[in-house]
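Just below sit the structures, each encoded as structure tokens.
Here come two complexes built around chain A, the first alongside chain B, the second alongside chain C.
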Partner chain A sequence: MPRCRIDGRDIDVPSGTTVLEAALDHGIHIQYFCWHPDLPVDGNCRTCMIEVEKMPKLQIACNTVITDGMVVRTDSDKARDAQRTALEFILINHPIDCPVCDQAGECYLQDNYMRYGLYDAKVELEEKVRKRKVVDLGPIMLDAERCVLCSRCIRFEAVVTGTNSFEFVNRGDHTEIATFENRPITHDYAGNLADVCPVGALLSHDFRFKMRVWFLKSHESVCPGCSTGCNVFVDERDGEVQRLRPRRNAEVNKSWLCDPGRALYKEIGVTGRLSGARVRGAGDGTTVGAALDLVAVKLKEAGAASAFLASPQGTNEDLHAFKTLAEAVGGKLDFRVGEPHLKVRERIDHVLQRADRNPNTQGCLDLGLDRDGVGAILDACRAGKVRVLVLQGPELLRVPEAVDAVAKAAFVVVMATHEGAELDRAHCVLPAALWAEVDGTFTNYQRRVQRVRAAVPAPGDARPRWELAAGTLERLGKPLGATSAREIFMLLSGVTPDYGGLDYRAIGAQGRALPLAGGTGARAQEARA
Partner chain B sequence: MASSATVFIPPEVLAKAPARVLKEALGERVLAIDDFRGDLAITVEGRAWVEAARLLRDHPECDFRLFLDLCGVDYLDQGGRDARYEVVLHLYSVSTRHHVRLKTPVPEANPRLDTLTGVFKGADWFEREAWDLYGIEFVGHPNLVRLLTHDSFVGHPMRKDYPTAKRHVLKTPREMLLPVPAGSEHLLVNIGPSHPAMHGTFRVQALLDGESIVDAAAEIGYMHRNFEKMAEERTYWQIIPYTDRLNYCSSFMNGHGWALAVEKLLKIPAPPRAEAIRVILSELSRIMDHIVCVSTNVVDLGAITPFFVMFRAREAIYDLLDACCGARLTVSYVRIGGLGDDVPEDFEARCRHALAVVREVWDQAHALLTRNVIFLRRFKDVGVMSREDALSWGWVGPCLRGSGVAYDIRKDHPYSGYETYDFEVPVGTVGDCFDRYLVRMEEMRQSMRIVEQALAKLPGGPVITDDKRVALPPKSEVYSNIEALMNHFKLIYEGILPPPGEVYGYTEAANGELGFYVVSDGRKHPWRVKVRPPCYNIYQAFPHMIRGRLIADAVAIIGGLNVIAGELDR
Partner chain C sequence: MAATVVSVDRNVKPGVGPILLGLWITLGNFMKSLFLRRASTIQFPEQKRNISGRYRGIHVLTEREDGTPKCVACFMCATVCPAECIYIESGERPEATIEKYPTRFEIDLLRCVYCGFCVDACPEEAIIMSRENDLVGTTRAELIIDRERLMARNKLVEHGPGYRPSDHDVRRPVRIAALERLKSEYGIVPGPPRA
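Presenting the complex of A and B:
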């Protein structure tokens, strides 16, 4: 393990680590533009200049591999002068766009100027080179004047999506970034181009002019779009989500997020949401409490003549509470509507997305919710043997082949987040909170347990699914024994193989991977499929 | 933020008397010693708290007899700490002319600490406030109930996990502040909160035997706006308008004090012209404040004329402030690193006019009052505060000087160039209402001296530092080059980023030592701001001063203490 000294601090690093990587890992800030933790090194911006003892010329930190005994100063006069000068060069032709540029607040130029610049400008506005502005590339807007030619977008297209959409055109002062014939970006990862661009040259069309980022509060969470479970930031202001951004997790999604995942922020909020309980024939104004009263009464009557279908959209906490309810009542239990367990590891592209469009199929498997079989449950319904059918999500109500079976169940209860015509097939509708409105955990395709955190309040009377199940258990005289997601996780970790000893603190912000070969029998085989 | 015991402490710091004395006496129970920006700060274990405070007060080399401030700090989610809370004590020694900060960690589970009310009289309300706002229990406190928030308030609002936007509906007033013995024939009266003789919204309940006050209790918090919690969610600039609303009778001085505290934290001074203008406007504000105090005090006694006479001078000063920054009362004129703008061209002429009016009204008020028989009968030997008690309560400013203690920060720890001006500090001998009146009257004359000297040698140059991390670039630059535009943007939406650390900045405001204890974690909002409000300690003594006296005396005394609700309650 080579040891180096950076700014007077002795640091041991794995072989092959660059000065920039070592410095950033240890809280020593160095300026950079073209370097990116998940893209190949380019070394074109020259802003990360550092002084290395015994080397007469300054080096770039991003491409200088640490050797044993290396002594580095990032803050010497020479280094600071070079850093300032490099920044000044980049800014020579930069337009005075801050008031109309979305990047303000997360702009490398603004941030680095305050740390490494602070010089007086020498270039007259009229002398600056003018380039193309407001080029519509579909999901992305290009402003070529703001580009600092770091080539991150080129490298992203080359290495991550393999689509090679961007290239430098023209020469010298007039170099610009461009797509062939200004063709729009058509792959599912365009949002990442706005993320990698350190300035306002590439910006999200969807987010354009929507919100100044310094008003946003960021919450750590996990995207529910598929079983990959990319880590995200939910950015909101005053309880309204404005966008989703990727949160770096080297084991799951690196720095990337797919566009369909990003768009999921639109379903959070109040529009189209189910915000109150409904009971068929009861008119307006049913409270959740009254609805749960009714559900409990029906379940008590039905006993084992009931069936429970969990939803892989639910958190592990939701699932545990639901399973506890099913076992307390003695009804049938499963979750595999649409057979998500067969798709949980199946990729649909070579970057991030998976075929299973649920975030927690693996959690369902781990908690043993694959029990009696969906087919068996539907058959029981058709045979008139199911008096109460409890659905943790509306998936089954959307399956045309199941309509007849559902119609035969005497009392259908469904938990749902959004309004929809299919809810009319239920006798009782309970409003559920969305992933961005609850604390909890999802287990992704790799059996990585990851935390979601409530970023915004749920609308109206909507509750976490576990709270709806717990309320029902309470009314059946068999309380769950937990009043928060955190407590429920403690319960489930005690009884679920491989989850023992875990708690929210241990899971942390990057999640905790469980052994892939874990679990027993059929479940483990399915997990490995 | 807290330095650990393993950090190297320079020998000259260890040699300072408080550090040496405590280390010798307490050994391992001293957890840390720090002197960031020259502020000596000693952290001790909770069980050594009272002993440490006593040592600092009584040890001859320490002699920290002036109780300044005690507050809580919540370090929730700040790494590197074992305990969630910290209680911070600030003391001053008039004899050695040193400040000291004593701190102790208080754990989240069962947050308790021994009371200091047995060591300093002034600790009473401060501990109640720390209980109210943080939920820290002070063991042995005689009356640990809420002070600033309403009785039925739920929660401790200064805790970091208390949501700022949370609302309570609080309807019922607390009727009884005093226990009334059963069958008593005494009369319980409320004086305030809306009472003409209460110059601001605060309340005293008195138990009367005829006109004698048998017992009294004070209730404050009617103007509590939790400035300190607001400060935790604002940038250092954004706090400036809030400071205006502390002592709003002399609002410029609050901003001056705040700017100096932050400049101390940043180690970035304001340029000489800015400092000189700050002195001029602060001294004129001091005159304004003293005019309010003196003239409203005598209105309560039935002498209305001096009020009408003296307020003309306030109008002249208001006009001056209006010309400088566009506002009369809440000026927001300071900036971190200087002033918001230069003064108008006729500044000197306006100042001289204001001084002339002040001189004229001063002479008239003096002629009406100082040898007036009725005035003397109401004021002389009324409300005597002994020197020792004044220090223990934490009195400062004209009230402390009236009691014979010659402590004035402008002389003892000069700032903004006060050391270059010739002026005297009046000090009383008896400590009664009359002494406090005389001190204020004389201070006004000395303030005029200072203003004249400052005008005579007012330097040219910029009125704000040229440090780009702190001062906005000129608009002409902002509109014509990217660097200044970015600089402007960053300063507006992010603001100043001081280094992590804590300072106690203090100035001689109209009521005395106005302190700002500022804790920075390096980010754009301060982690904690504690205002050391001079009239808080002064008003705390009031119920004790009036026990056994007549109601008429209570009225005479309260006016001369110059309690301003904005500063008192924050």
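Presenting the complex of A and C:
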């Protein structure tokens, strides 16, 4: 392992590490624009200049690989001067329209100017080279004046999506980025262009003028859009989610997030959210407690003549509580509506998205919820052997082939987040909290257990699904023995293979990967074979 | 560090002496206002005090030549506001040169502490303050004033501009308000300026 000295600090790094990576890892900040942890090094912005002992000229930190005994200064007068000059050069034609720029607050130019620049501008605003502004590229808005020509978007398009939409056009200080004939970006990863852009040249159309970023609070979470389980930040202000942003996890999503995933925040604050319980025949104003009382009574009556369908949209904690409920009652149990377990690892593009649009199918398999088969449960319903059907999500109610079977069950309970016509088929509707409103864990396609966090409060009386299951268990006289997601996970890890010894601290910010061939699910057995 | 203690003589001799001294001062002031007309009070609201030109009264949103707000909805005022009394929603202007403007701009005058930070923070000199300080309303909602009321400030003529970065920013609202007052109170509509 080469050992180098950066700003007087001795640092051991793996061979192949660049000065910039080593410095950032050890809390030494060097300014940069074109370098990105998940894109190839380009070295075109020339702002990360450093002084290396015995090298006649200054080097760029992002493309200088550390060799043993290298002595680097990032803060010498010579280096600082070069950094400031490079920054001034980049800012020459910048329009400085921060007041109307959505990037303000998370802009590399602003941050680096305050840290490395602080010079007096030598070019008057009127003398600057004007370029195209407000170019609508579909999900992305281009402002060529703000661009620092770092080529991050070009490299993203070339390396990650392979669509090559962007290119430099013109020469000299008239250079700008452009798509061919201003064609809009059509792939599913356009939102990342706004993220990779270090300045306000590429901005999200969806987030345009919506909010100044410094008002937002970020919560670490996981995207519930598919089985990939991309790490995200949920950005929220006063309990209203404003956007989702990728959170870097080198093992899962790198720095990316797909647009369908980004759009999922829109389902949180809508008017069609369920905020209270509903029981058929009972008037308005049924409380969740009263509804759970009724569910408990019905389950007690039915006993083994009941069936439980878990939802792969739920967290592991939800699933564990639901499974405990099913076992306490003695009913049938499964989760595979629409056979998500067959699609967990199936990709639908070459970047992130997977065919299974549930975040926690792997969790269902790991917890052993694939038990009796949905077909068998429906057949039992048709035969009149199921008196109470408990659904953890409304998925089954949307399946046309299941309508007759569901209608045969005397009492159908469904936990749902949103209003919908299909809920009318249930006798009791319980309001459930969405993924952004609960603490818990999802297990992604790699069997990586990752944390989701409650970022915003649930509407009205809606509560986490585990709480609904735990409430029913308590009314049945068989309490779950846990009052928070953290405690349920402790119970869960005690009884689930491979989850032993795991807790929220061990999972941490980046998740914890379990051996792929472990587990008891059908898919896991396949992987073992 | 120990606090400095100032000793106060509390042993003033009781008796008629101090009372008479107080009455003497009162009598002096009474005579002054009765015969010399040198009262310390004024007849508000008929009479008003002469307020400083930098007085921080109710806010004004300045406008461009075409009557649209100068504000670009950068949220600097809302960010700096210690009372959190400014609420802004931004939208897109059709012309590309300015891009952004406030679709909603509301100030809760009951929450406002009139510190003037919003004026200091504004990069466009779009928000200034007037010398208007007699804030009266019958409901709370009435005193949350919106963009239109912040821009059309007829009372500005009566009270005059207050705390602001430069005079140039108030000329237009003052002029518009003055014209409206001429029209409504005297029925005068001035023609084009004579050569």
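In this text, the second predicted complex is superposed on the first by the 520 of 529 C-alpha atoms of A that agree within 3 Å, B and C clash if a C-alpha of one lies under 4 Å from a C-alpha of the other, contacts with A are read in each partner's own complex, and residues count from 1 in each chain.
The definition used in the following text is that a residue touches a chain if its C-beta (ideal position, glycine included) is under 8 Å from a C-beta of that chain, and two chains touch if they have at least 3 such contacts.
Model, not experiment: these values are computed from the prediction.
In the three-chain model built by superposing on chain A, chain B clashes with chain C. In the superposed pair of complexes, A:389 makes contact with neither chain B nor chain C. When the two complexes are overlaid on their common chain A, residue A:114 makes contact with chain B while staying clear of chain C.
Judged by the touch definition given at the top, the superposed model places A:133 against chain C, while chain B stays out of reach.
By the document's definition of touching, neither partner reaches A:268: not chain B, not chain C.
Once the two complexes are overlaid on the shared chain, A:177 sits clear of chain B and of chain C alike. Using the contact criterion defined above for the overlaid structures, shared-chain residue A:214 touches chain B and also reaches chain C. Greater residue coverage of chain A by touch, when chain B is weighed against chain C, goes to B. Of the residues of chain A, those at positions 98-99, 104, 212, 214 touch chain B in one of the two structures and chain C in the other.
Those residues of chain A lying in contact with chain C across their complex are 98-100, 104, 133-134, 208-210, 212, 214-215. Interface residues of chain A, counted against chain B in their complex, comprise 91, 94-96, 98-99, 104-105, 107, 109-111, 113-114, 117-121, 123-125, 212, 214. Chain C contributes residues 72-76, 79, 90-92, 96, 98-100, 123-124 to its touches with chain A in the complex. By the touch criterion stated above, chain B contacts chain A in their complex at residues 468-469, 477, 479-487, 489-490, 493-494.
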